[in-house]
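Order of writing sets the chain letters: A, B, C and D. Residues in each chain are counted from 1.
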Amino acid sequence: MYVCVNITSEKPSIDKLTEELLKNTDRTTGAVATFIGFVKGVVDGKKVYKLIYSAYEPYASKSLEKIAYEEAEKHGLKGVIIIHRIGELFPGDPTIYILVAAKSRHEAFTGVRNILERVKHESYIYKLEIREDGEYWVLGDGKRIQRFKEQSP
Amino acid sequence: MYVCVNITSEKPSIDKLTEELLKNTDRTTGAVATFIGFVKGVVDGKKVYKLIYSAYEPYASKSLEKIAYEEAEKHGLKGVIIIHRIGELFPGDPTIYILVAAKSRHEAFTGVRNILERVKHESYIYKLEIREDGEYWVLGDGKRIQRFKEQSP
Amino acid sequence: MIIKVKAFSVFTDILGKELVLEISDRENISLSEFIDLLAKKYSGLSKLLETIEYVILVNGERVEEEHLLRDGDEVAILPPASGGL
Amino acid sequence: MIIKVKAFSVFTDILGKELVLEISDRENISLSEFIDLLAKKYSGLSKLLETIEYVILVNGERVEEEHLLRDGDEVAILPPASGGL
C-alpha cells in the first residue's frame, strides 16, 4: 500500500503524481480516480478575490496520513496521494489533489469520495475567504464568520 | 457546456486536459473528478501481454459525444473530456481518461461514474486481450471468447 | 449494388475487418436477407449470431430488419462494446 | 512554566497566531484552568467558545479537561476544519 501526503504552497503536476502512483503499486492496478478542488470565483453570489489556507503542522499532515491509511485499508486501495495547498490561492487555482489507485473503478471511486469527505472534516486545515463584501473565516462545511480584526497593514 | 472527445493512439497530458477544462468553463467550477483506466498485468490469474483496442469510427466518437452531452445536461456538468486510446496497449498503460468539471464535488463524482458506465456499454470500442493462455475477445463487461482465427503473420 | 461490410472484435475472426460484396442478381435486398446471404457465405457466422448479443448498423444507424439496403451502404456487425477499461 | 498557544482561523482574531504565556504564580495548571485564564486575559474568547464548536489539542493530542500542563507544552485552539475545497 502506497501513501504519500503533502501540505505545500506549490502546484504539483497531476501527470507526475499519477505516474508515481502507478510506479508504486502492483500490476493489478486498473483504475485511478482523482479529485481536484478549485477556488471558485463566486460564492453566495459574491465575487471572491482569494482564499488563504493555513494548516496546523505537523498535525495536519499526520491527519492526512491517518485518513489515507485508514481508507486504503477499508476499501482495499493500492495507493493514495493527498496534496493540500496552503497560502494565498486565487479563483481557478487548484486547492487539493486526491488520487486513488485500485484494482477496480468501484473501489477507486468510493475511496476518493470518502477521503475527500474526511479531509474536509478531520484535517486541521483552515480557510479564510477574501470577498468583495468582506473577509470570512469558513468553519466546517460552509458556516462563515466575518473576520472582526483587521490584519495589521 | 464544454465537451471534447477523442479516440487516439496518443497518450495525453492530464495536466493539459485539466487546464483545458478550467479554461473553457466559468468561474463557478469548484471540482474536477477524473477517471483513468489502466491495462492490468494480470487478469483471471493469467499474465496479460497486451491489449488491442479498436473503434468503429466515426460512430465511436459520435457515441462518446452523445454520452458526454447527455450526462452533462442531466447532472448540470460544466465540462466533460473523454479520451479513449486505441491500438496496442501494454500493462500499466492508460486506456481511457474521463474528466468532469462541475460546481460541486457531488455532481462531478456522479457525472464521471455514469459516463464511465455508459462508455463501457455504448461506445463501439472493442478489446482483444493477448494473454499467456491465448487471445481473447472481450465482449461487454467481462465475457470472453477465445480467438479462433490466428492473425496472419 | 455494392455493400461494404465492417466487422469488429470476434466477428473479424469470421469476416475479416472489412469486405465488399457485389449483389448483382437482384434489384434490392433487405438487411435480414443480406445477413442470411452473409451467413451462407461465411460458415460460423450463424452460430456466432445465435451465441452472442450483437448490433447491426447501417451507415452507423440502427434500422429495421426489413430496411432495404442501397448501393454504397456500409453494414457493421458489432458485438457488445468493451471500451473503458 | 512556559506554555505556547497556537490559534487558527477565527481564533487568531482574538489571540493572534501564536502567543507564549509564562505561568509563574503556581506549581501546576490544568487545561481547563489554563483556558479560563486565557479567557480572562483575552476578551471575546469566552463568547466565541460558547458560539462555535472547537477542539483544543495539547501537543497535537486530545486530552481531558483535568490534564495538567507541563513546561513547554503547546496548546492549540482550533475551530471545525475547512480544508478540501
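Operating definition for what follows: a contact is a pair of C-beta atoms (placed from the backbone, for glycine too) under 8 Å apart; a residue touches a chain by one contact, two chains touch by 3 or more.
Since the structure is predicted, the reported quantities are computational estimates derived from the model, not experimental observations.
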Name the chain pair with more contacting C-beta pairs, choosing from B-C and A-C.
B-C
As a quick test, compute the distance in whole Å between the mean CA positions of chain A and chain B.
25
In angstrom, rounded to a whole number, how far apart do the mean CA points of chain B and chain C lie?
26
From the mean C-alpha coordinate of chain A to that of chain C, what's the distance rounded to whole Å?
51
Please compute the C-alpha centroid of chain C, do the same for chain D, then give the distance between them in whole Å.
76
For chain B, jot down the residues that touch at least 2 other chains.
30-31, 37-38, 105, 116
Where chain C touches two or more other chains, by residue
85
Hey, how would you classify the chain contact layout here, line, ring, star, complete or other?
other
Could you run through all the chain pairs that touch each other?
A-B, A-C, A-D, B-C, B-D
Of chain D, residues touching chain A in the complex
6, 8-10, 12-14, 52-53, 57, 60, 76, 78-85
Can you list the chain A residues touching chain D in their complex?
37-38, 53-56, 58-60, 62, 84, 95-96, 116, 119-128, 137-141, 143, 145, 147-149
Which residues of chain C touch chain A in their complex?
85
Quick check: in the complex, which residue numbers of chain B touch chain A?
13-15, 18, 22, 26-42, 91-92, 103, 105, 108-109, 112-113, 116
Please give the residue numbers of chain A that touch chain C in the complex, ascending.
30-31, 105
